[in-house]
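Going in written order, the chains are labelled A, B and C, and every chain counts its residues from 1.
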Amino acid sequence: MARNVSTQRKLLTTAAAWTIGILIFFPILWTFLTSFKTEAQAIASPPAFLFFDWTVENYFEVQSRSDYFKHFMNSVVISFGSTLLGLLIAIPSAWAMAFAPAKRTKDVLMWMLSTKMMPPVGVLVPLYLMFRNTGLLDTRTGLVMVLTLINLPIIIWMLYTYFKEIPGEILEAARMDGASLAKEIIYVLTPMAIPGIASTLLLNVILAWNEAFWTLNLSAARAAPLTAFIASYSSPEGLFYAKLSAASTMAIAPILILGWFSQKQLVRGLTFGAVK
Amino acid sequence: MGSITLKNVSKVFGVHAVIPSIDLDIDDGEFVVFVGPSGCGKSTLLRLIAGLEDVSGGEIVIDGKNATDLPPAKRGLSMVFQSYALYPHMSVRGNIAFPLKMAGEEKAVIDKKVADAARVLNLADYLDRKPRQLSGGQRQRVAIGRAIVRQPEAFLFDEPLSNLDAALRVNMRLEISQLHQQLKTTMIYVTHDQVEAMTMADKIVVLNRGRIEQVGSPLELYHRPDNLFVAGFIGSPKMNLVAGAPAAMHQAHTIGVRPEHLVLSKERGTWRGTVGVAEHLGSDTFLHVNADGIGTMTARVSGDFPVTHGDQVFLTPDPQRVHRFDDKGMAIR
Amino acid sequence: MATLHTRSAARLMIAPSVLLLLAWMIVPLAMTIYFSLLRYNLLMPGMEEFAGLSNYTYFLTDPAFFQAIFNTLAIVLGVLFITVVGGIGLALLLDQPMFGQGIVRILVIAPFLIMPTVAALVWKNMFMNPVNGIFAWLAKLFGLQPFDFLANAPLFSIIIIVAWQWLPFATLILLTALQSLDEEQKEAAQMDGAGASSRFIYLILPHLSRAITVVILIQTIFLLSVFAEILVTTNGGPGTQSTNLTFLVYAQALLQFDVGGASAGGIIAVILANIVAFFLMRMIGKTLEA
């Protein structure tokens, strides 16, 4: 049903929404613009918005000074690695909970979510020491392991809510058709759940990409992802606004673009299936 | 071939015995319908036979072999589900081919069998469509196609027509019956609709609260119901059941008279009453008569019987067709 | 409902996740408890000795601890308040017909996708800096004295930064919930003579209650352990004015190398989180069941 709204009111709403939208987005826009300025222009007062000498110098400098690509690759490996590993462990579990629930399934699920309530500092010390003693400190492997465990409850929960929407009869039909459990999951469940799996993947890559407790505390130089790469700019060097902006833009651009392209799945994923 | 025997089969969920104990023989090639009200255990029984649920006790023998502990895939049965349960991400071809693929058949064999099934079911033009692009009846046919390519010992149908509209349901009923005549394979069909049961079955199994009330051919159940439950369940409109003084005259606790076995007259008869609602179907008219001292009775009269709301009429049961039941609800013969 | 075969397969398939999460919870937690009872400093290896509850008494009598508790709660409640109220407002606005709704949504969603370290650094330097920041320039424009946010109102500044990151999340969830409100219900309410404000109170707000609960639950989980924003902006300071419990334990462990003390702090954090979780779960249980 189309709502009957006067054009005047629509224009008013549009103006208000765009103003607020741009205000919320402004810090990111400003970072992006500043990254193309010289350092002098970056701190000029009054600030220059569009009319300055555009330069890409800062990007090259950031790359040569702190090896952006190394950290970028670390972020890619850590976020995708932990998410894919998490999915591999979670898909069978979510299948079991959605399609062969036992009396305690709900409790197990709630317990899994409750592990997310545990503050990371509760286990920071032993984990740091264990990692130090086993040589996992500052390695991609170590970070993949930790982030897999951190996001596992969310991955299982999201998959569970998606799987719940798939009628069990279809899986039973596969069973009648002679499919083993493995084939039932590979040929029937997984393809049917592709949209759900994709949005789970997406949200968890974003969460892992932006995770900034464990990545900051368990990495130093070799395995440091972009979160740690940026944190190194918090020292007085951060006063070089243009370079800081270039580094920031490079750190957030990949995930920002990924997020924008998959907005629809993201919204569904964000709500963990609890709000439709 | 496809004979199925249930020996002492029971199913318990928690403390709740859905099926206390059932014995049943199904002969090869029979069309058997499980019918009963919702919650009577008919679908559970079908799922036990399919192997989608474990029995809590007893034995299931399929084609002479004990299948009680076999997984569904090893029982040689095919099933058509209420929701059709088509694989939405596969084409019609992929859906029908799936069981053959799982069985490891060769590609050429698969193609031939799929083509054959598609021809039988008039699906040849739709093989490359996805299920969501099909109408309800076509989806139903795909589900049947998927079931027949495996050449199973027996087909299981779980209320397959309940998602279709009335006209289509009548068509599909006919198609399934014709399919049975062609294939001559055992079919077990679950429904809550006694019309489907009457029109399709060789043998009807009436279930109530997990127990078998009666097994027999449609006409046996119609003419000789074993008990009040079957008497009330089979036949449409329902049999009129009368207890008390009128029944005592027939030396019974309760008597039952089908609407078509009541003779209607405007002048004289056994029971007097006033017409409440008259449902004119054209060929017949169903009259709901408020009989004095008895309650509402349904009578079936010919479509040209002149009667309207508020008329006084007399009802007389055909004495040959009165069913008598004792105080436990069992038929007296 | 399933067979013995599928049920045992199911148990087998849940096992890896359960065992991993169990190991992840129990082993380090047990070690933390053990360490918390030791005098154990990484700068003095080999000097570990049993210390009883002295680490706990040390932590619980430290004024910084109470400051940290207060700051933790202030961050959680402050951010929740801003994001829920702001989110409802924004969602109501975005639900109206307008031009370019998709683009506005892209603009609004963006902060959620930004990593905390970047968000904090951008705000700290380019907005809140008292000399070169945008806010300083705006203040001068209006003839005001620039305000040094991070030095004079560190906790408030951090709340603003974190709220900016989480506002999109709240907005999107509430907007999704809002869009699922039956149009006919709204029209029926209009026919019944309900004005805009009574429609909001009696129709929209109850409809949003479930979404609001989800927002509160998920955000609280993350907000209890805000860390990176503090690390790169104030480093907990000045003094301990912007130190929350997470940061306090981090500082104890990795800046002062006091494993025993940090472990005691970690255990206290776990206990507090459990208390919060308990109340949260009860509240949520009520809403989600309704």
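Assume contacts are C-beta pairs under 8 Å (C-beta built on N, C-alpha and C of every residue); 3 or more make two chains touch, one makes a residue touch a chain.
Just so we're clear, the structure is a prediction, and the values are computed from it rather than from any experiment.
**Student:** Measuring between Cα centroids, which chain is at the maximum distance from chain C?
**Tutor:** Farthest chain from chain C, going by C-alpha centroids: B.
**Student:** Write down the pair of chains with the top C-beta contact pair count.
**Tutor:** A-C
**Student:** For which chain is the distance between its Cα centroid and the global protein Cα centroid smallest?
**Tutor:** Chain A is the most central one.
**Student:** Whole-Å distance, chain A centre to chain B centre, using C-alpha means?
**Tutor:** The answer is 54 Å.
**Student:** Report, in whole Å, the distance between the mean C-alpha point of chain B and the mean C-alpha point of chain C.
**Tutor:** So the centre of chain B lies 58 Å away from the centre of chain C.
**Student:** As a quick test, compute the distance in whole Å between the mean CA positions of chain A and chain C.
**Tutor:** One centre to the other, that is 16 Å.
**Student:** Can you list the residues of chain B that touch 2 or more other chains?
**Tutor:** Touching at least two other chains: 52, 71.
**Student:** Give me the residue numbers in chain C that touch at least two other chains, ranges are fine.
**Tutor:** If we look for residues of chain C contacting two or more partner chains, we find 2.
**Student:** If I count partner chains per residue in chain A, which residues reach a count of at least 2?
**Tutor:** As it turns out, chain A has no residue touching two or more other chains.
**Student:** Per the contact definition, I'd like the list of chain B residues that touch chain A in the complex.
**Tutor:** Residues 50, 52, 71-73, 77-79, 81-83, 85-89, 98-99, 102-103, 146, 150 of chain B touch chain A in their complex.
**Student:** Okay, in this complex, where on chain A does chain C touch?
**Tutor:** 1, 3, 5, 10-11, 13-14, 16-18, 20-22, 24-25, 27-28, 30-31, 34, 43, 45-47, 89-90, 92-93, 95-97, 99-100, 102, 108, 112, 114-130, 149, 152-153, 156, 181, 206, 209-210, 212-213, 216-217, 226-228, 230-231, 233-234, 238-239, 241, 244-245, 248, 251-252, 255-256, 259-260, 263, 266-267, 270-272, 274-276
**Student:** Which positions of chain C touch chain B when the two form their complex?
**Tutor:** Listed in rising order, the residues are 1-5.
**Student:** Across the complex, what residues on chain B touch chain C?
**Tutor:** Touch list, chain B to chain C: 13, 51-54, 71.
**Student:** Please name which positions on chain C make contact with chain A in the complex.
**Tutor:** Spelled out, the residues of chain C in touch with chain A are 2, 6-7, 9-11, 13-14, 16-18, 20-21, 24-25, 27-29, 31-32, 35, 90, 93-94, 96-101, 103-127, 132, 134, 137, 140-141, 164, 167-169, 172-173, 176-177, 180, 183, 187, 210-211, 214, 218, 221, 224-225, 227-228, 231-233, 245-246, 249-250, 253-254, 259, 262-263, 265-267, 269-270, 273-274, 276-277, 281, 288.
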